[in-house]
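Chain lettering (A, B, C and D) follows the sequence in which the chains are written, and residue indices restart at 1 in each chain.
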Amino acid sequence: MDLTELHGIAERERARRKAIRIHCCTSLGCHASGALELQRRLEAAVEAAGRADTVEVVGVGCIGFCGHGPLVSVEPSGLLFERVTPEQAPDIVAALDGGPCAAQRGDPNHPFFSRQLLVVRRNGGRIDPERIEEYIAAGGYQALYDVLHDQSPAEVIDAITRSGLRGRGGAGYPTGLKWATVAKSKGAPQGAPRKFVVCNGDEGDPGAFMDRSILESDPHLVLEGMSIAAYAVGADQGFLYVRGEYPLAIQRLSKAITQARKHGLLGSQIFDTAFDFKVEIRVGAGAFVCGEETALIASIEGRRGQPRPRPPYPAERGLWGCPTLINNVETFANIAPIISRGADWYAGIGTAKSRGTKVFALAGKIRNTGLIEVPMGITLREIVEELGGGTADGSPVKAVQTGGPSGGCIPASLFDTPVDYESLAAVGSIMGSGGMVVMDDATSMVEIARFYMEFCMDESCGKCVPCRVGTVQMHHLLDRICNGEATPAEIVQLEELCQLVRETSLCGLGQSAPNPVLSTLRYFRDEYEERLRHEALAEEAP
Amino acid sequence: MADKLRLATVWLGGCSGCHMSLLDMDEWLIDLAAVADLVYSPIADHKHYPKNVDLVLVEGAVATNEHLELARKVRQRSRLVVALGDCAVTGNVTAMRNPLGAAATVLQQVYITHGDPRGVLPDDPDIVPRLLDTVVPLHATITVDLFLPGCPPSAPAIRALIEALLKGETPPAASRFG
Amino acid sequence: MSTPHTQIERTTHVGDNRLKILEAMMKRHQYRADALIEVLHKGQELYGHLSPSLLTLIAHSLHLPPSRVYGVATFYHFFSLAPQGEHTCTVCLGTACYVKGAATILAALERETGLRAGTTSPNGRLSLLTTRCLGACGIAPAVVIDGTVMGHADDDGPRTKLHELLD
Amino acid sequence: MSAKTLTIDGQMVSAGADESILQAAREAGIRIPTLCHLDGLSEMGACRLCLVEVVGTSKLQPACHTSVAEGMEVRTDTERLRAHRRAIVELIFAERNHVCAVCVASGHCELQNLAAAVGMTHVRYEYLAPSCAVDISHARFGIDHNRCVLCTRCVRACDEVEGVHTWDIAGRGTESRLITDLHVPWGEAASCTSCGKCLLACPTGAIFHRGSTVAELEHEPTRIAAIVAARSERW
């Protein structure tokens, strides 16, 4: 593969395309709502209408408005249809030229769409994720070509550093710094002189589906990001660790890897350079803790997914003792756009300390559920009220949960908080990987705290004592509070346990497990107190 | 003798070994009697737990509804409650039935499954106390002021505790379990 | 003591090439220890669950101590050491589903089927399971019946579907 | 080997560059409580009892797994650490069914000693009272899961010193259980050489000699280090 060939593929693809493209979303949400049948009916309807010469039906990745699926959009007219039934397929074809249609029309100018800024999701809902030609036609793999031919690894790392990109897995560690550490790390003295790149697609946060959507909608974007990273740090082997719960993402990734290999975009001497890079998929098997870097490594090595103390960090000693770069799916998806459009462009988006965009999965008690990509610094209020449209029945929003089991609940009174790493931490939550679950008055915050604690208890790997037993004890106390059996002293005990588990647990799972409790205690303490056992215990009266 | 210490000892779910240890204080018991009145104890003949107890040593875990009621009364009527011995402090041997399951399961196993398959379960709440589903240490039911672990705690340990309290001092730190 | 191969073979029928597929898969991974989880996935996909003889076979093939293989197989929730029901019904208990009433749906299904979550009916026809998040939050609450995701589920939808399957 | 100078609890200490804080502290006569650590075995960092404060970092560091550094200032015995250690020991006691009064290891048990050392007067948490098996299928040894603290010293001794890996942990979280081979009764575990190193390594009465009665069992954990040392001499 050389540049002429790459451009040839893009040109042939553009020439192949028909004037009108009907995009039928085939990501999980729409898939489950009958998108495949709809796609078949649309194809038949195009055929029946005799328009097959100018119209094509394309199964595309996530359009984002998941709660309103199955979704269909039309290019170039921009028409959008929601909750389309297979029976409406002929109607949609008939309406291509703007005529009336029984199918529900969506508003492509709705704030849900217009307030977004698409960087990593720019191809989502526009290309067929199962065809590499579509990705290449959208400019794909040009960034990889450019770095391999025009930039030194140090220059690539410098660009990523200047872009201000921070880890999208939740903790927000500066990506450039991580790459630089792996690049200069020599590994263990006796270790093999290899380096690895790992893509963390173990999106375990319940209520989050950004990474699934990116992998399902634009798998090559992630592969290209990994390849650029591998070049920058000097790795020749990559692993893509994907949750076993995401069969569609795994299937599309496998296809993407095969296609990339076939086109010489993975493998040996990529773009006729000395750069070799292979990627293997590793399928997770249902363990939230494997999102933690050292547990992830253990799991890729085929062991129990248990974390180990850091340092040494994976950047110095990771897979099989070799320096290993671990970034999350969305982080890798940002790489090619940064290389293509420049670090300065990227750094111009967002806030001073949190640059760029962030993808959020907006779910829960909200009118517009789905996937959004917004510039950092946007306020929670804008997301919940403008993009999300408030609750479906108009009742007041009580809180929004970010960061999943490691995050916290932010009350409506703090909705003017800008969405950036530091501001969310300051109000007791975290950016997290991008799950954003909206809660209304019907949601009990104590029960939410118990829900998350049950999650952490079940997902604790059992290695260190505070997390293994502490989460069980915290869950027990939350259970007693929910059941109206607890005394005020037990809230104090709960708080002490939170402190213990946070300060003494071995890994991030345990250290952050108390967060949902602490944040709800901070903002909704009255809900805890309302549930305490009220009758004064005679024998304990002073 | 109004300024004599009003001392009580209570026997909940335990083997009475702690009380044996208490008696093992031997001749010091005579010195103790000079400064304290034993106002309630299984080794003396008292029908009811009295009011205004200064110090009570409680042996045993809380295993039945009767234990629970007595423990609450003890807390109400005593200034200083000491959990005496491992059963009171941890549940110990008395609590070893907990992993078997709730009261009904335990009774079934003991009286029927591993006892007499044609037997009957004891069921006369006025005579036989009702088992709690879980045996718990004393502090799980009432506020406990001091803990003296040991199975049983040694006589010198019990003596050291009482002596310190008589002098108004903080008793020596707890020794070991078992 | 019989070798694990014969144990597996004895329980399989003529024309059953599952063992061959598994062998080929392990060979492709060069019988490397780090392929253990991938191999367990494949084993479960082929046989439905991970029986002791299958685990022994895998341990022998990858040159791993049996206790390590067992430790890994029981660490990850995806792996099942007991056979699953003919049909499976999985209720998603992710946050988005939870705030939209997944717990009531699960309770209704438990009542309806008489099964506790995580168990299989004695006749082996149905397993009622839960999952931590399918990532289908946009269409919460979600229930998966035999691999098909049902979005915006209510108490009745999954119940009707189960009746269709089981009656 | 270059030496590092650091301060532990205000005391100037000199240690080899590859030593852990735990080793350096011990050489200086400063005791840091441990449970999952055993001389001769790899570090696990799991019990969290040896956590110490290192001036300049907000996170507590496991002394067993943190290398000394020049000018490092370590505190091993602050109010906060004492409270945490006591709570951790309580959590362990609450997790399984530790009944010192009827335990073979009573009087020689590291957990029992820890309770006394950290000043545990009682357990503030709910006892979980899990149902745990006792396996006496092995001709010479037994394992009582009621007394297991999941320190994995037996797993590591078997794997790293005996080179067998009969033991491992199955399940996860508080459901974790020690297993032999494919979760078969110990006596049927074909890989077991009956060497007894797991017994030497066990800190509690979980792994015991069959026939031991209450308070009779004395573990010999230091023998693991002796075996490892002797072997490395020869090699």
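To be clear about the criterion, a contact is a pair of C-beta atoms (placed from the backbone, for glycine too) under 8 Å apart; a residue touches a chain by one contact, two chains touch by 3 or more.
All figures in this text were calculated on a predicted structure; none of them were measured in a lab.
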Could you let me know which interface, A-C or A-D, is made of more C-beta pairs in contact? A-C
Find the chain most remote from chain B, comparing centres computed as mean CA coordinates. A
Cα centre of chain B to Cα centre of chain C, whole Å, reads 51
Cα centre of chain A to Cα centre of chain D, whole Å, reads 39
Approximately how many whole Å separate the CA-defined centres of chain A and chain C? 25
Just how far, in Å, is the C-alpha centre of chain B from the one of chain A? 57
Give the residues of chain C that touch two or more other chains, as numbers and ranges in rising order. 68, 71, 75
Give me the residues of chain B that touch two or more other chains. none
Multi-chain contacts only, two chains or more: what residues does chain A have there? 287, 304, 458-459, 461
Chain D contacts chain C in the complex at 159, 164-172, 179-183, 191
Enumerate the contact residues on chain C facing chain D in the complex. 52, 55-56, 59, 65-71, 74-75
Contact footprint of chain B on chain D as seen in their complex: 93, 97, 99-103, 106-107, 112-113, 115-116, 119-124, 126-127, 129-132, 146, 215
Residues on chain A engaged by chain C in the complex (per definition of touch): 28-29, 31-33, 66-67, 69, 203-209, 212-213, 243-246, 282-288, 299-306, 361, 363-365, 369-371, 401, 404, 435, 437-439, 443, 448, 451-452, 455, 458-459, 461
Contact footprint of chain D on chain B as seen in their complex: 83, 86, 89-93, 95-96, 98-100, 134, 136-137, 139-140, 144, 147, 149, 151, 173-178
